[in-house]
Structure formats: structure tokens, C-alpha cells
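Same chain, two partners: chain A is paired with chain B first, then with chain C.
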Partner chain A sequence: MRPDKFKKYLAFTKAGILDGFAYKFSAFGWLLGDIISLLILFFLWQAVYKNSPTEAINGMTFHEMIAYLIFARVATSLAFSSISFWIIGDDIYEGNIAISLIRPINYRYRLLSSSFGVFVSTSILMFIPLWTLSMILLNIIIGIPIPGIGTHLLFILSILLSFVIVDSLNFLIGEIAIFTNALFGLMIIKNITFAFLSGSLLPSSYFPDWLSNILKFLPFQSMIEKPIMIFLERLTAREIISSFLVQIFWIVILGFLCNLSFNRLKKRVVSVGG
Partner chain B sequence: MAIIEVKSVKKVFKKPVRKPGIIGMFKTLFSLKYDLIEAVKNISFSLEPGEIVGYIGANGAGKSTTIKMMCGILTPTEGEIRVEGYQPYHPKQRRHVLNKIGVVFGQRTQLWWDLPLIESLIILKQIYDVSNQDYKERFDFLNKVLDLEPFLSQPVRTLSLGQRMRADLAASLIHNPKVLFLDEPTIGLDVLVKDRMIKAIKEINKTYETTIILTTHNMDDITDLCHRIIILDEGSILYDGSINHIKKKFGDIRHIRFFSSQEIDLQLLKTKIGHDVDVEIQNGYIELSFDIEKISINQVLKTILNDYVVDDIHIKENSLESIVKKIYETRQI
Partner chain C sequence: MKKYLKLYPYYVSRSLKARLSYRLDAIIGILGFLIENTIIFSTLYLTITTIPSLNGWNIEMMGFLYGFYLIPKAIDHIFSDQVWQLSNGGITRGILDKYLIKPINPLFQLVADMIQLEGIGELILGIIFLAIFTPTLGIIWTFSNVTALIVSAFFAMWFFFSIKLIFGSLSFWTKRSIEIMTLMYDFSNFAKYPIEIFNRAIRFVLTFLLPFSVVIYFPIRALLFGGNLWVSTLYVSIASFLMFMFSIWVWTKGLKRYESSGS
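Entry: the complex of A and B
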């Protein structure tokens, strides 16, 4: 993309940031929900570990498990902040896809830019404060070490790539709205699938072998589990590089699918009518 | 050279045949039967730069479909449309057209719902690559004619309908398009806002020589703005020409309404004036309609004023509205 072209998408990022700030209170609402579900998870795992004969389950101690869950939950709020699903879904539902074609910009990139704006505002409003707080509390209470600056940078890069993957998947799933016309049901299925398979609820080492083998060939692990594992320094340098390559691979594949499917959708809209 | 050329354009929609009820719904899901609906049948016309054209027709006549084809949202089934020499619906040629057109759909906004108006305008500036200088000049102009200042920093969702329409019009013009499509821009607006919109549209056309295509059901807007009208019925063009011409075609009709406390014999009145006059009673008023080329106003008024006690009287010329109503009813010119 040429730099002057890039500028117009930046305008949407800015708009996304403003949007995110406009809805800051709803963000706090989500936060409250997250805290409650974290508490539930805490007691659940406490019970599991109490009744376990060994101190570590699947290579993780109770403290490590708690650290994983908290970080995963906070990271989820950031990586899943993408709004492409809602924008394209609403545009399809209200018949605005056609109108959006009047503007001389690429619809897919526009949505990614808007989403990225929300990503930035979520970082500032929720992610950075919560992440810092979690790091400090976990360090003081259960002695989880605070990683160095290098690990932080790797994590940020990884979560950024993860965000693009989530956004592309959101876009693809949002397109299904043209057949179903029901966004809410679609959202619930999507969210549960994402939460479960991405490692947002529990790490994939807890899954049966056949499932974790299948997951190796799907983009979900790249969304939450890999970034968190990088942050918790549980991956070797080799594994870190390969996780980045996998993420880039998925971004390319999903980006290609987004363009392909949106072109078909466009054709349908243009010949049948929005 | 014509700025827009529409050559024997046809648009057919495929609609799945729906059966009523829940069982019908399931049947629809698996049936491959389609109804073919001809929304537009063989339309041709061309527009010169700087023209304002009223595009009118009853609901479902195919106005919006044509507009959508002209701005590239729909592809014609047959025929071709060229805007500035390019096909707006062609994937490769589209981008040449998009920078040159502006669209206002009265029924839906194209602004970003949650953003202050000024932000939306800045985004549009970026999208269309408008230089700072041009932006400033146009913004000042639009601010002047549409009075945007009072609500510039409000989110679009909090604007009143009148404000939103002005905002939408401004947003469609920030890149100085050569062609402006206005699809019912005055729908639901109060008289004052409507006047302001009409004035603004005139100003825009005069200052920037923008070609404007206007669809509306409000004939006053058309009379105020357009010299030329295109009347559409069931997907075909019924009339394409000046407003004056169509008025002449329908005759220079005058309507005289008067109120009299006297008992009046309508039959007698009619014979006194002549047989080419239409007489009817509406709400106690007697209404006479006649062609002034056949019967002189002088004679009619004399008859009325000499023979009856007149408490109240109005004279009206044949409005575009009544002509259009007649055309919609009779489906012919």
C-alpha cells in the first residue's frame, strides 16, 4: 500500500479510537463480567488442584495455572476487541454494503483500520492498566516473575498478529450474515468457539490428544495461547519463531480468503441488490 | 459532451418465490423457483454538465434502481451507463467514477453514527484525497450555505433529522463531485429546513456547476430546482423534457374556486360559461377548471361576479403536482 493511500485508512483508525472512548463505560461493564468469571475459574481450579494427587497437572502448578488464566483473560479483552464482525454484519443486515461501495476505499482494509482503532483504545483504557496490575499482584502474591523488556516486545508483536487473525476470522464469519440474517446467534457460536479453542479458557495441553493435534493446523492457538506462552517464557527461541511464522501464515491465508469472499459478496450485492 | 449517458438500460431482479406460512418458508428454502421482476425496462437519456434534472415517478417506478445503477451499486442486466465516459459498475472502471460522484440517500445516512460531524468530514477529506486548501474552501462554502456550525461537534446520532440531512448533503460534497445524486433529500423535513436545502442545492449548482439528479415526491422541490424532468412509470420513461413544455401539453388550466352563500344551479352555471369547463363542489366551494386558451378568464369572472354573491374567491394555475397525479393515474401523457 502506498503511504498516501495508507493515510485514509488511518482516519478510520482514529475514528475507531474515538469510538472506543465513546463507549468506555460499556468497557467497564465487560470488565466486571470478566472479574466474576475469573473468580469462578479460580475456585474451580482450586478444587481441581486440591483433589489432584500431583502438584502439577499437565506440567502446570496451581500458581502457574492461575497466572495463565488471568493473563489469558486480560489478553482476550484486547485480542478479541475487533469490531469487524459487527460492522460487516450490521452493514449486511441494514443493506448498507452497497452504499459502502460508493466510497473509493477497500472495505476490508477499512474495517481492519476501524478495528485497530478500537484495539488501541482498548489497550489504553483496559489492557495496559489491567495487565500492569495483574503483573504486580501476581508477583507479590504468588511470586510469578515479571519478564524482561525483550519478552514484553515479543508478546506485543505476537498479540498484534493475533489481533489481525481474530479480525480476519470475524470478518469471514460476519459475512455469513448474508445467509442467516441473524447476528446474535452467530456471535454466540463464534465467541464460544473462539474462547474454547484459542486457549482463552484453558491451555490446549488439557485437551485430548486428537483435539490438540487438530488444533495445530488451525489458527485458534495463535490467538491467545501462543502470545501468553511467550509472555510466561514457556517457549524456546525456536518455538517462538515458529509461532510467529504460523501467525503470519494465517494472516496471509485469511487475508486472501477475506478478499476472495468479499469480492463474491460484492458481486452478489451488485447484481441482486442490497 | 454529455456527463452521464444511459443507453437502453434494463434491470431484472430475481426474487425467490415465497410461499406463505411456516411450511411455505421451509419450502422456499429448498425451492429454486424465481420470479423475474423487471424494475427498469429499456431506459435511455443523457445529461449535460451543470444540469439539474428532476427524476420522478410513483413508488416502485424504478427511480432508485436507476440511481443505484448510475452510482455503481447495481449492474444493469442489459445496456450500458457511462459517467464521464466510465462505467460506474465495472470493477476496473469504478474507481474513476467514485471520485466524481456524491450521493445523498434521504432515508439513510452515510455518516459515521458515533462520530462528531466534523470528524466524519475529516475522514471523507482523507478518503477522497482532498487537499487542505480545497477542503478549507469547500468547508467554508458548505458551512455558509448549510449552517453547519451549531452542530459540528455533536455525534451524528444526536442530530435532528433536519440537521442530519444538511450534514449528509455537506458530506456528499466535500470532494466536489461533478455529479450529485439526491434521493429524496427533503423527505420528512420542515418548511424552513427544506427551503434552506433547496437554496443550498441551487447555490452548489451555481458555484460549482455540479450536475444534479434529484428524485423526490415533492413537486414543489422540482418546480423550484429543475428545468428538466424525467417521468418514470413502471420502469419506462414516460416523459423527458422541460417543465414548461409538459404544462403546455396538459393545457394552461386555471382553477377558480369561489364560495357563495346563495343556492347555485351548477348546470345553469355551466351553460352560462361554456361546455369546456369542469364544475364541481368541494367543501362548499365551487371549483371551475378550464383551459384559458379556450375560455377567457375575463368572461368567467364576469359571469361569476355579475350573477352571484361571492364571499370568497381563489385562482390557481395548474400545478406540476396535479399534472403528475394525472399522469400516475392515467399512465400516459
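Entry: the complex of A and C
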């Protein structure tokens, strides 16, 4: 991309960052809500391990499990911060999409840029403070080691790729808005399905075999579980490389699907709009 | 009173017509809550089945408890979802103005304004769970315990409503309270688990301050572990009644402070 072309999209990223900052108080409010689910998780798993005849369940001890769940919860808030679903949904609902089409801007990249802005503001406002806090607390209380700078970089790269995958999926699902206005219902279905399949609620070692086998052919596991496992240093170098390749593979495939479906959608919009 | 009983069906039919004019939307909304709760329960299932039982509660018992939890929550969700609008900036948008100019109780109008079909998803799932897990638990249904459970669920429904109204009404003072309202409402999630797994502070909150466990968990524990179900039902009704009176008090206080947005 030429630099001036790139600049165009940068403006949307900037706006996205500012948007994210504008809603910081409500973000903190929602964060408070997360505390409830973390508390429940903690006590539930404590009881689960107390009732377990073995010390490790599915290859993880209580401490490892708690670290996994807390990191997964915090990482999810970042990886799932994409707002493309809402932008495209609202644009279709309000009819703004027609205006967007006459602008000399690729609509898909514009949404990705806006979402990336929110990604940046979420990182600064919530992710970095919470992640650091979790890391320190988990280190002091249950002795989870703080990984080195290399692992950190690999993790950041991995979560960034996750974000692009999530954003592409959000875009694809947001396009359904052309058939229905039930964005809230769609969002609920989408969020819980992503959370479950990505390993945000439970690592996939808990899944039945048939489900694990299906998930090998889908993009979800590379969204949360793989980055966290990289961070907890539970993957070998080989596995890390293959997880990056899988993520890039899915970014290409989903990017292709986004363009394809959006081109079809455009035709429909034109025919509806007269 | 008679006036309201006569008016309510009109409100319901008007709201249903509005909702059903977008049939696909309604179906997706219902499916949304159905799928969400199915997945949350599946997660619980995968967790609990790795161990023999959770403090004596096996997965069938947990499923039964989950099902019972969903039913009062769902019914409240269907009938009083509009209360969320109070906390979501509705006060500053002036949504109450249209209620206050009519010679009908504004709280009645607020609640009757919308039937939220989404809640049907939770209701269906709650009934499915009770139906699935009842046979394996070997519960002997008698007229007495069925009645007690229905009475408990009825009062628990009012409990959910009261919690929503209390924290929704906070908006009269704070203009916006959806975050705290969500937080308090989400406290109900604790009631899906045996209270014994939590620490003292949380147990105290769940028993005395926000007694979700009293209205959801205690009756089921009494049913499954041979406690006195009617005593639990009495506790449910007392907790719900007190919470309801308190919510009406907060709402009335708040309403007196209400000023229109002015436009």
C-alpha cells in the first residue's frame, strides 16, 4: 500500500482510539461485572479440585487452571474488542452503507482500521493494567512464573492475529444484518459461541473428542487458547510456529470470504436502494 | 385494580403485535438466550463430569438447579424487560414523560409497555432441564412439593423484578445505572451453584443482602436433600416480599425527584 493510501485508514484508527477512550467509564463498569464471573470461577474450580480424587485434571493443576482462566478472561476482552459487527450492522440497518459505498475507501479495511483503534484503546485502558495486575498477583499468590520478553512478544503477535480473525468473523456475521435487525440476539449467540469454542471458558482438553476433532478444522482455537498456551509456555517451538501458520491461514481464508460476501451484499443493497 | 386487569391484555396484545411484526428478529432473540444458556450449562457439564460430585451435588442435580433458576428469571424477563430502559439513560431521554401524562400508574405502564419474547428461550430451556433431570434424580412428585416449587418460583420471579427495579431506579439520582444494575442482576449467577462452595463473605451476601441463594438454591436443596420444602418456600416469600416493598419505596422516592428532560 502506498503511504498516502495507508494514511486514509489511519484516520479511522485514530477515531476508533478516541471512541474507545470516550467510553472508558462504561468499560470500567463492565469490568466490575467481570469480577463476579471471576469470583464464581475461582470458587467453583476450588471446589472442583477439592472434590477431585487426583491432583491434576486433564493435565492441569488447580494453580495452572486458575492462571489459564484468568489470563483467558483478560485476553478475551482484548481479542474480542473488535466493533466491526456493530458498525456493519448499524450501517445496514440505518442505510448508511450506501454512502459508504460511494467513498473511495475499501469498506472492509475501513472497519478493520476502526476496530484496530478500539483494540489500541482497549489495550491501554484495560488490557495492559489488568494483564500486569493478573501477572503480578498470580506470581505472588500461587507462584505462576512471569515469562520472558520473548514469550511476551510471541503472545502479543498471536493475540494481534487473533484479533484480525475475530474481526473478520464479526464482519461476516454482521452482514447477516441484511436479513434481520436482531443484532442483540445475534451478538449473544456469536459471543457465547466464540467464547466457548475459542477456549475462553474452558481449555479444549476438557472437550469431548468429537468436538476437538471438528475444532481442528475451524479458526476458533487459535483465537484464545493458543495465545494463552504460548504465554504459559506450554507449547513447543514447533507448535508455536504451526499455531502462527494456522492463524495466518485463517486470516487469508476469512479475508477472502469477507470480500466475496461483501461484493454479493453490495449488489443486494443497490437493488434494495433503487 | 379492576381497571388494570382490564387494561393489561390490551397492552400485551399491542406489544406482541409490535414484536411479531418482525418474526425473524423475535426467533433470533429467543434462540440467543436458549443457545447462551445451553453453552453455559455445557461448560458446567464438562467441568463437573471430571469429578464424582461437587460437595455432594452431581451434574443431574446441578442441571435441575439450573433449570429451576431459569424459570422465574425467564418469566420476569418476559414481562418486565422495560425496566432496563430506566437505567440505560431512559431517564435523561424522558421515557417517563409519556407515562406521567396518563391517569394510570406509571410503574404499571413501564412494566406493561413491552413483552420481551427473548425470555421464552430461557423458559423453554428451564422446562427442558427440569424434564431431563427429574427422572434420574428420582424425585417423588407430590401435590405438596409441586405446589411449594410453583409458589417459590412465583415469588422468586418477583425477587428478580425487585432487584431490577431497585437498581434501575437508582438512575433517578445517577442518570445512568446500567452497569451497577447488570452487576447486581448477575449476582443471581451465584445461585446456580451450591452456596457451600463460596467463602463466608459471599455466603452472607447471598443469604442476607442479595438473597438470591435463598430464593433459588434453598428450595432445591430442600427438595433434593430431604429438607423441609415449605419452610424454604416461606423464606423465599419473605425475602421476595421485603425486597419488593423496598423496590417500590426506592421507585416512589425516585419518581418524586423526577424532572422531565425538558425538551
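By definition in this document, the second predicted complex is superposed on the first by the 273 of 274 C-alpha atoms of A that agree within 3 Å, B and C clash if a C-alpha of one lies under 4 Å from a C-alpha of the other, contacts with A are read in each partner's own complex, and residues count from 1 in each chain.
The rule is simple: a contact is a pair of C-beta atoms (placed from the backbone, for glycine too) under 8 Å apart; a residue touches a chain by one contact, two chains touch by 3 or more.
Because the structure is predicted, anything quoted here is derived from the model rather than measured.
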Partner chain in contact with A:Leu10 - chain B first, chain C second, else both or neither: first
Partner chain(s) touched by A:Ala22 [first = chain B, second = chain C, both, neither]: first
In the superposition, chain B vs chain C on chain A residues touched: C
Chain B versus chain C as contact partner of A:Leu202, first or second or both or neither: second
Doubly contacted residues of chain A, that is, touched by chain B and again by chain C: none
Of all residues in chain C, those that touch chain A in their complex: 22, 24-26, 28-33, 35-36, 39-40, 42-43, 46-48, 50-55, 118, 178-180, 182-183, 186-187, 189-190, 193-194, 197-199, 202
Contact set on chain A toward chain B in their complex: 4, 7-8, 10-12, 14-15, 18-19, 22-23, 94, 96, 98-99, 101-105, 269-274
Of all residues in chain B, those that touch chain A in their complex: 13-14, 65, 68, 71-75, 89, 95, 98-99, 101, 103, 105, 108, 110, 112, 114-115, 119, 122-123, 126-129, 155
Interface residues, chain A side, partner chain C - complex: 26, 29-30, 32-33, 36-37, 39-40, 43-48, 51-53, 57-58, 179-182, 184-189, 192-193, 195-196, 201-202, 206-208
